[in-house]
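Labels for the chains are A, B, C and D, by order of writing; each one numbers its residues from 1.
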Amino acid sequence: MIELMPAEGVFSLIWVLIALPLLGAGILLLGGRRTNSWGPYLGVFTVVGSAVLAVLMLLAMMGQPAEERSVGQTLFTWVFAGSFQADMAFQLDQLSMVFVLLITIVGSLIHIYSIGYMSHDVDKRKFFGYLNLFVAAMLLLVLANNYFLLYVGWEGVGLASYLLIGFWQIKPTAAAAAKKAFIINRVGDVGLSLAIMVMFVTFGSVSFQDVFGQSGEASEGTLTAIGLLLLLAACGKSAQFPLQAWLLDAMEGPTPVSALIHAATMVTAGVYLIVRSNAVFDRAVWAAAAVVLVGLITIFMGAIIGSAKDDIKKSLAGSTMSQIGYMIFAAGLGPIGYVFAIFHLLTHGVFKAGLFLGAGSVMHGMKDNVNMRRYGALRGLMVITFVTFLAGYLAIMGIPPFAGFWSKDEIIHAAFERSWVIGAAAILGAGITGFYMTRMVAMTFFGKARWEDDVHPHESPAVMTVPLVILALGSTFLGMALLFWGNIESWLEPVVGFASGPTTLSSITLMAITLVVVLVGAFIGWRQYGANPVPIEAPRGNWLTRAARRDLYGDLVNEVVIVRPSFALARWLAWFDSAWIDGIVNGSAAFVGGAAGRIRRTQSGFARSYALSMLGGAVLIVAALVLVRLS
Amino acid sequence: MNPANYVVLSAVLFSLGAIGVLVRRNAIIVFMSVELMLNAANLAFVAFARMNGNLDGQVAAFFVMVVAAAEVVVGLAIIVTIFRSRRSASIDEPNLLKY
Amino acid sequence: MTPWLTILAVVPLLGSVIVVLLPKSRPVLAKQLALAISLVTLVLTVLMALQFNGASSDPFQFVESYPWIPAFGISYSVGVDGIGLVLIALAATLVPIVVIAGWRDVDATSGGSVKGYFALILALESMMIWVFAATDVFMFYVFFEVMLIPVYFMIGRYGGPQRSYAAVKFLLYSLLGGLFMLAAMIGLYVVSAQMTGQGTFDYLTLVGLEMDPTTERILFLGFFLAFAIKAPLWPFHTWLPDAASAAKPGTAVLLIGVLDKVGTFGMIRYCLPIFPAASEFYAPVVIGMALVGIFYGAYVALNQNDMKRLFAYSSMSHFGFIALGIFVFTTVAQSGSMVYMVAHGLSTAALFLTAGFLMQRANGSSLIFDFGGVNKAAPVLAGFFMFAALSSLALPGLVSFVGEFMVLLGTFQRYLFVGGVATLGIVITAAYVLRLYQKTMTGPLAVKLVGMPDLGAREVIALMPVVVLTLVLGLFPAPILNVINPAVDRVMTTIAAKDPGPTVSSEGSGR
Amino acid sequence: MSTLAAVSVDVPFTLPIVDYNAIAPLLILLGAGVISVLVEALLPRGSRRFIQLFIVFGALVASLVWIFTITGIRVVTAEGAIAIDGPALVMQGSILVLAILGALLMAERSVDPSGDVFAARASALPGSEDEKQFTARGYLQTEVWPLFLFAVSGMVLFVSANDLLLMFVSLEVMSLPLYLLAGMARRRRLLSQEAALKYFLLGAFSSAFFIYGVALVYGYAASTQLPQIASVLTAKPGQTSLALIGMALILVGLLFKVAAVPFHQWTPDVYQGAPTAVTGFMAATVKIAAFGALMRVLYVAFGGMRWDWVPMMWIIAGLTMLVGSVIAISQSDIKRMLAYSSIAQAGFILVGVIAASPAGLAGALFYLIAYGFTTIGAFAVISIVRDESGEATNLSKWAGLGRKSPLVGGVFALFMLGLAGIPLTSGFIGKFSVFAAALASGDTWLVIVAVVASLIAAFFYVRVIVVMFFTEPGPQTASVVVPSVFTTIALAAGATVTLVLGILPQPVLELVSNAGLFIR
């Protein structure tokens, strides 16, 4: 276990990383309409500020020897009662550093891009407020030094995404999607809460230091429980099976921006959680296995869905699911996997950002039409978009030397380390990726123009294309940069304990196999959508396509298994409440009333009947007395 | 003759009076039944005075008579007003107050 | 040694008298006066709280005691520990807010005199302060019961169409509990007379009493029933939806936000310390009731189409959490319950007041179907509504989360299963809260709401303090915890309960 | 014959020793009663009212003052016929105070446009020509005052009667005038007369039971003096069946007066029919007197047989509380409702009586005092809530009254809360003390019944508040007439006591507990 260094120098500003965007969010959300004019710039400024700060910290950290790179900063004791204590305290180590950079830099790009994209929206200040809130929460998530504080960031991210997805609340679909996302995430949160509780009951503390420090003493059963619960949480945030259903609807968000913010950053929270908790998973074999399984399932679900959607954003969302699946999958593989999970996360963050912004740029030109069957032949009209999109395309397919290649290849390699079955599965997933990405590119940029009548495609303004270019460069070079120059394994090694196992297959062979499979996939895609004309009306398609168009019935299952029964129960309980529980209350009152009505009849008004009751009373009294005497 | 019999007799009278109150309609007769009950008490007092061998019972009888007389005065006054206003002495007639 | 608590309680009382005596023709003056007085009370409360010594070892502070009815060993004695202090502060905070928010709630058209309403609020405030400050069981009971009367009038005279039904139901249901508590309290008095020779109602003396188990259990039931009805716990809750939906928003805030807390307060202040054995004996039952209540309330809320009824059921669910925290006998859970009480008071205030403002703009309707798309017409209102919703679904970072999570944690600490099940409640809570928000605030604007005004300055001013407190206390709850924890520790020692330790470090101990 | 002679010979006649100081209050009242009869007989009509009022209030105040001078006295005097002890003095005092308030109500003149609250000529036919004549001439009848004085003196004697025979006499002295007073209402003559008739017949019926019971007890104990009876009971505990039955019949007579189920049915009719002023006076004072006698008989004479009568009394008390409360719910006439409420209250007081302990006695006394003031105040309010047809006793006419005239409404609400036993009113302390006594004596179940009954009772008390405050005033809503100083004083006194005894009951509690027990 690494000791945390006291936060000195630039590190004493860790809290500022979070405070800046938080402040921005506060001003923008409370400021109201009057901030509409300058609000966006403030929003950008705060995030960029954090980014700059993060870079400074990175430099400072690189200046330190490897074992002294973990910094801790405690502001105050947050919650305390009995033996429970949770601090408002941060931990900045190599892992969180990576995430901080990803979040702040990608975040900054998204902000800048949004200036142009949201320029016409009346509530843009609010949008930037939400973005800032999102960044702040995300940073808190990755900087917290205990699970309890992490929970705040975790849920804060959920809130921000809820707000962003539902940004155009006027659209009922958007509002519904937002609600869905939040509630499904809540299910994940149950996992996180319970995990925290088990940790407290087991270790008497919820801080990373104590939990990981004592993890050796806990029984494997306990650790497995914690692991599975954390996995549940991760499934919620990272849209992994079985909690994947919200992500596709989340693309209802106002913009590819919100789509992106989920794809590139939020969904990575789950990966972070698992990698961060490596100490737990290392000793909880079954939990780790479950992680792998979930990852695999999601890889295919995402890929299949991505292959069937005509909505470019949803197709990308499917691909996101699938890619996150790779990361989770990798994280489940244990020490060898953690690093590549993060690695792939970074590369994916960048090239997926490029793809989404590209898609956004396309939509911008197509009057916000998202149906790829009405695109086509755009390569000439949107050169920058096309080129940058192509970079992302190659990256995600894992074509060397683009970014995705390095990370995905390592993952597949690690998978084979574990067993050839999952390795093969991983490769197959890569193949499908090739298929649907080719399909997307072909339908969008090649073939004949299938535009709607009043659509006149045009390249987007600079404020949108510049980030595209930057991201495209990233998609191209980031992989090599991180691997060779950034040397990511050794960078993360102190945190996740990387151990390069013996290689069963030479990585060259493996590389070749993967490449072949991907190209096959790509070829199939091209033959179907590039070489042949794309019908404007989607053909019925085979059963798999139809299922995929309906998100593989994820919603249907939720609907039938959870939602409908819940509402039925709610209705029944409401009836039960009024008919029985309240019925008994009112009933007893009514009973007394009725009794009153009957008994008062005895008051007949005839003096003689009164006399009779008196006499009867007298007799009864005598009788009673005699009885008592006898008894 | 055993004075206890007088006690029994008084009890019978008392019961008769009570029953009279219950069965008769005419206010006057009802009232007379009450008087009968009071006199039953008198008889009992006297008989007990005899049995206990002290005079208190006899004195009591006088008290009861006086009280009875007073009751008659008040009672008749009330009954008469009722009779005059309702042209009947039935105690079932005045039946406005009930329930 | 200033008699802080007496002053605190008497100021609003005198205030209400003065307000009543004002001429009927001067409603505005009455409002202003009421506001001023409630603010003065708030200031005094703050001053007192600042002098409260969290570290001190004696059970109560600011203690006063004078003989009241020596014939029955009754004395006027007040004093606060952390719990009482926090709840008094809550009451003192909410009253001015309610006054501001209710500024236009009552006018000549809505029937009933304006000054009357505000006088009742002030009278209620002083009674609430006394009830939380009383350290004499009889005195507590007196105010526990008398509090009903102002609320009875506030509901029955100023409420909605169902008001008299609701008011009578509320009063009688509470009296039912109150009367059984009266019997139990007298029983306690008799027992104390038999054991100490001199019957007394002095709290600390009664806490020390060692009664035989049977009596203890019977008496416990008497007290608990009253508190369970007041809180309200399932299945004694049905008066709450009616009362809440009939009452004015302000009334509902005071009723649910503060008044009902007397129930849970009574449980931790009276049931546990005075009847420790009985509490332990009945704990499973209470926990069962609480658990049922959490889900029952949430599910029924999921099916409510009347906002106020929905809030009532959600409160019932929250009270389930609070009671759960009290009766699992762990420090974390009990502190959590106390925090939760404050949090719930604030979130209730936020919910009911925003809902009230909303209803004013839809001529009084509280039916969810009458709304929609408010966010478009009145973003500020929608924003506050969203915040209120979040604080009632216990979003991390808000004080309600601190309370809820501590309760769950403490519960889990002692009963894994119960804690685990209760945690599922947070999902349903999110479901009904967000459903409410979605149906009322999002989508296209409802036709009859076109041109509805957004929140005015007064309304924002009324809501702001609640928002700020919810946020600040959520990120920095130390001010509450510092005063509550010692009190809770004292309760735990009184009932001789020990927290289960961590399993790794201390094997064997704990579960 | 011979035996009688044997008894009667050579018993020297000795003057009985009478402690005139101790019974002076009683004598003052009786004397005043006689004088006021003479006034009726001799003085011209015009001057009577003033003089009568002077005599009445003079006498009441005088004997009250006298009682204050002899608070220390504990004697049995008049050959053991009269016992002046703590409880007796307390009850006499409170009876007198309440009688003053009652007299104030009866003396009220300005609420009814056509004179005071009594019939100009009780003898005149309702609706007849000469009744109109009398009314038109503005005749006021003043015969009520001698009757009133005798009734009061009867009560004052009743609570201190230590001899069953004297108790019977005082019972009649108390009752007979009340029978007449009940029949003298100015409005609704028929109801009033009916009330008088029922009250009289049933009252006579009950006193017949009473006296026959006395006879039987005399047969057993050879004496009618309570202490004697007690000592005989202890002397020969066997074959007490005679005493047992005698006690039963005596209880019938007394329970009739306290309006306990099943001897309660006269109450609603009489309370409703009688003039409101009289009802208030009667409700407050007769309760005290009757309970005083009841407790004295049970404790002094039959205290040794406690375990014979307690179970029976449990049943009666329970029935009284429940029946009274339940029926009251369904009442629409407010006077009648209060009548049933008084039945229920009698049940609560019985709870204290059954405790048969010093605490129980004290509790019952306190309850009686509290109840008396509250009730008389309530009836005072009823007497000033009127419409053109006289008093508006139908609840429907009270709709929105509290908004029409908040002060009176508020005061009446206070009385209702007091009767319901809400804390900070006298009624609560009363309930508290009797329940405490009962629990101390182990009557747990009785207390639980009492609790349920109080809840039911609370319903109709608060319902009145609902009607007054929570409903809008309508065209048929009655209006509050401004009374003269008389009623105002009574009202104020009732309200004040109801509140003060609720907030600072200590002095009165001390009073009743220091009063100690009945002396034997």
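The rule is short, and it goes like this: a residue touches a chain if its C-beta (ideal position, glycine included) is under 8 Å from a C-beta of that chain, and two chains touch if they have at least 3 such contacts.
Computed from a predicted structure; not experimentally measured.
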Starting at chain A, fewest touch steps before arriving at chain B: 1
Pair of chains ranked first by number of touching C-beta pairs: A-C
Identifier of the chain whose CA centre is least distant from the whole-structure CA centre: C
Approximate Å spacing (C-alpha centroids) for the pair chain A, chain D: 80
Distance between chain centroids, defined by C-alpha means - chain B, chain D (Å): 24
Mean-CA-position distance for chain C and chain B (Å): 65
Length of the line joining the C-alpha centres of chain C and chain D, rounded to whole Å: 45
Multi-chain contact sites of chain A, meaning residues that touch two or more partners: 589, 600, 603, 605, 607, 611
Multi-partner residues of chain D (at least 2 other chains): 197-198, 201, 205, 209, 268-269, 330, 459
Multi-partner residues of chain C (at least 2 other chains): 172
Set of all touching chain pairs, with the criterion as stated earlier: A-B, A-C, A-D, B-D, C-D
Chain D-facing residues of chain B, complex: 7, 10, 14, 17-18, 21, 27, 30-31, 34, 37-38, 40-41, 44-45, 47-48, 50-57, 59-60, 63-64, 67, 70-71, 74-75, 77-79, 81-82, 84-86, 91, 94-99
For the chain D and chain B complex, residues of the former touching the latter: 3-4, 7-8, 122-123, 125-126, 165, 168-169, 172, 176, 179-180, 183, 189-191, 193-198, 200-201, 204-205, 207-209, 211-212, 214-216, 218-219, 222-224, 268-269, 272-273, 330
Interfacial residue positions of chain C with respect to chain A in the complex: 169, 172-173, 235, 237-239, 296, 299-300, 302-304, 330-332, 335-336, 373, 375-376, 379-380, 383, 390, 395-397, 401-402, 405-406, 408-410, 412-413, 416, 419-420, 423-424, 426-428, 430-431, 434-435, 437-438, 441-444, 475-478, 481, 484-485, 488-489, 499-505, 510
Chain A contact footprint on chain B (complex, rising order): 18, 21-23, 25, 30, 91-92, 95-99
Chain C-touching residues of chain D, taken from the complex the two chains share: 403, 406, 417, 422-424, 428-429, 431-433, 435-436, 439-440, 444, 447-448, 451, 454-455, 458-459, 462-463, 465-466, 469-472, 505-506, 509-510, 513
